[in-house]
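Take this structure, written in structure tokens, and hold onto it; I'll ask about it next.
Each chain gets a letter, A, B, C, D, E and F, in the order it is written, and its residues are counted from 1.
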């Protein structure tokens, strides 16, 4: 059988050995099925964290669990809003319990080090809740050494020089990076067949009032669904981001979870 | 962008068109992360229904939603039991609510025809419950024309001649086909790099008393985790099964959901 | 006070003694309120497992807990479908939590051996989930020796000679036995006043496609609600079945739970 | 088939007719499995409301649904506390959802008039919540004419002359009637084989501070589990109570639900 | 910083010291936002138990946690019914989980003595359930010395002489005291600016049948929403009640939780 | 009775008039009981949004509902972490259902305009989920014109000149403002008796890695629990913030909800 960092590709005997003998770190990518504008596929938030996990796992000896394919509801200021067709979201409790159940099972296998790599901003707090409920329950089971790292790969792109390379005309914040230069560049580097740069709509960055309205006011999201223009996205930028993220996350795993 | 039957590979505009103009059938593969013996990877129950969905979709114009990667707890008589390392299962309510949430969102998009293709026997009733809760809720929302088909691809292998080709020495029932000739043949046809035929343990079919015990009595499952021997599995058998399933399911979709 | 195998008929002192001193097995019948055709009452799925429990308890010294009167939703291929008037079903989570709560309480009393006797096929997986949640929680409470057996009495009718006696013209499988020869014979042996053999509709066995549709397509169920004809049911067959089940289940209890 | 007021004893066709043509009232007895002292069985809270329902149904043409066998946790001041062996209680949410599910199904059948007859004081608020959630949900389904009456049969024993006959030495309130004169007299009238008057412990009425403690302080409950002495219970008193309750409840049904 | 019995007014260091060094009792007032007639504000059920808690805390050294502001649904016979505008109620499970969560956190802080002071009758059983779930969970965490007292301040007004002073024309029971002499007198003593005695509607005491109807029959509640007339309420009566309650509850805390 | 913007201070008749005749906006402050360092009380997150609501309500004619007193679990990077004594947090689902229940009831009253003013960052997504579930359910009830605004008052302090006045040495971001200049200044302006400026610990701003660890690593939070020093807080700054927030929020209400 082929070598693989994916748990799903292993037999249970191989997995058991990796966990029990090597105390391997498990990485869990969490995404969404969400519109990403006219120019990009809807699986971006799954594909990107999965790709980062794969590369980090290859570098560090971690394992990658099957990714969570559906995420929490898209919010207008970070993902355009949940009113678009195609965006397919879970209730918060469903996502929370998915994480809780997976951690409970990993703990049964003997895993004690988990890194959850989030590719969809809106998931964050529901992942946190799933982790908190899981660690609480594990304590009832007498397990108190299970540790979880959560990370969003974009938080590792924090070197001003890198930011300057990505956004020579100025960086406007991660919030409006939905379907913009950042994600599009990564997709061009990783899955160019899922991007159509000709279909990019070059609109000004979205601006929002300092509050949110429910139901969402659809016209406040730029019509294509992106929050900033991906026009200056490029494969090179994507590779730069990927390098920075993979290196930063690998180091973070090393620092927290050891060699 | 490349053509694809996967919803995740589409832009929201393309998806919207397929759903609103073509009233496309959506197929949802549901699997599990579950041990499948010493000779096969743990993602079998996701890979197989996904592969069947892809082929049916290509034939019929259906779309394929991202698969549910984790399933309900493995039962001893159908999957060996949930005590194996690697087997990573959800509570029933988590699976049920995942299905409910996905259906609610598909209905919002305008989808009215859903086929849930199950690759892990233990999921069945929790899928049924998710569907029932979803259709009930849709009725509150005034939607009463959403229809769901559920199917397990193995139920389409019911031609005695096919059974005879697969099991020339006699067929012992689907229950003990966990990691046996059926699944292994399909994996050989589709993902040979995830099978190691040299590692097949050639044990006699599992036998169980006419009741179940909880906690499971581990020694009642053959040690490798399979319930029957995969020794006579072959790529050819896998292709035969695949043909039969794809054809049968395509016809079923046609009959229930129209052209 | 009269002697009784029913927990409900005992004082708490008597129950306490049976549990603490004799470590008695508790049996829990689980049924449904479900249509069973034109010729039979709707309490069949409660009455039959309760009657079996009583007889097994008399033979083995087990105790019988009050039966669960409502079950999971009737499925078309096993019970005709949940669209009939009279069929009164619980959501899966309600049934699961009922089982969980009962086990938690039995464990508090000191019970460590429980046999759940299911009379309604559709209950199975929700019972399993209730047991799994209960045993998990008991482990948090430091109790890890609580064991549960689940059984459906029809699974003990597996002697080919008995099958031949019951179905001289050939056995078509348990799935279509809803309201058929099997259940009707048992009712004739146990509760003849709840059967009207003149009202039996002698229709051919139900046939279904290899998939399920939701909402159900009502016309696929034979109109009376039974899935096969009860015409050849008889009191004698019922007594035979009862003998076989009571003997088999008594032996199973003995094997798993001891003398 | 025998005539019966019990829904479970009817075929679905007969039930359908009673509901659709006669708009029959359905009565649902709700009980508990709870200790009732050294002298009485633990099924009192199910048997008594069921018996009352049967008699009311015979008088009024109502139907009786299968009783809920397990109730909410026994409270010290009304049932002695939930720490006794044998007392087997549900979490509040389980009871609430059982009621919700049953109402949803009755409404589907066409029932519009339900009387829930409670035999276990502690159930009350969880029944109320189940009804409230059910009626809310029915409104979403467009059903706004479903009405529910809840009643505890002891509330119909409010004629001072009757109270005087039952308690010639003075009535001390319903709260401490757990296993006392009231319930024991009814059991003597209805199920004398489940009462052992020789085993009655003749203790003074329980007294409690004006607050509750959790966990319960067991020694505050009289040791046998009863809250007052059943010594003066009698079959005659039981028949008197039964007459009063059946008459009162029948009239109440008539007033609220019509002839 | 000012001295205060309110936990919210303390720094965490001060709170920590009070809990860890002094093992302080924590009091939790639980109320409702509920109509209280034409003459009184809707926060009565929060203000009154909070005021009692403050005074008891000053006397005994207890601490007061922030009150729960919303309670369970108003019932017709105790609060007029939940159909009034302004009455803003929680589902039972929400209230139960609020209590559960607060207890879990207090236990983490080191608190072991909690007194829940209820100001809204309808809350009672959902508080009980929250406590039961919490203590169960604490046991899984190895904490078995957490004790909870629940009390309704009116239960401490049980001295016949006091009752006589409050109701010289005879006491009709706590059930109909909603917005009547009792609560209004307390409000006059504590928050006279939230009472308008000129707006009191002097209606006869509400009378109800010995059962409840759902949906509520609005006309059975006296139109202003009160269940008895507050006409004879007075500041003096309020002060008397307050004295009795504060003294009685302080003593109860002393008896159960020590000096 | 005194005039008041607080719903709790009104009679139901006054409230009804304000809602039905004036279509008043309702404001709901949501806070937490959370440590805020050595120098400040733990009720900051409730007091501040409540004070802002009061002032906005006075200006705009809105009403203020009783605040939610307990919030979601404190996160290390925004509130120091949930491991401090005193911090008393709800599970996410409890907070979500509290919001859902309140909205359902407000809708029943006739309210159609709600502004939720959040004072505790960690609450945000669970409020969003509560709103989403509520609006979904209201649609089933046929109500589709209920609108909710969510806002965090600090988001209205976005004028660079104001930021400059508050942070003459440079603004480091809202994330580390827990117990810092911003909140402390507001408390000095509003509740000086709950602040002890002598107890401020003048530590450098907290720095964190670009990921989170669970369980939290306590030493990463500055020991007093604040994330930046409040040393330069002042009453004047607090009044400035208050003016800006009240003005900004009042305008926002006007824009979205009209007059």
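Operating definition for what follows: contacts are C-beta pairs under 8 Å (C-beta built on N, C-alpha and C of every residue); 3 or more make two chains touch, one makes a residue touch a chain.
It should be emphasised that the depicted structure is a prediction, and the values quoted were computed from it without experimental measurement.
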Count of contact steps on the shortest path from chain B to chain F: 1
Shortest contact path, chain C to chain F, counted in steps: 2
Joint neighbours of chain D and chain B, given as chain labels: C, F
Result of counting contacting C-beta pairs for B-C and A-C, higher pair: B-C
Inter-centroid spacing, chain E versus chain B (mean Cα positions, whole Å): 55
Whole-Å gap separating chain A and chain F, where each centre is the average of the chain's CA atoms: 29
Junction residues of chain C, two or more chains touched: 91, 93, 140
In contact (per the touch rule at the top): chain pairs: A-B, A-C, A-E, A-F, B-C, B-D, B-F, C-D, C-E, D-E, D-F, E-F
Chain B to chain C touching residues, read off their complex: 72-73, 75, 82, 91-93, 96, 122, 124-126, 128-129, 131-133, 135, 147-151, 155-156, 158, 209-215, 248, 252, 255-256
Sites on chain B touched by chain F in the complex: 137, 140-141
Chain A residues within the chain E interface of the complex: 139-140
Contacting residues of chain A [partner chain B, same complex]: 1-2, 6-13, 15-16, 19-20, 33, 35-43, 46, 65-70, 84-91, 93-94, 97-98, 100-102, 105-106, 108-110, 193-196, 199, 225
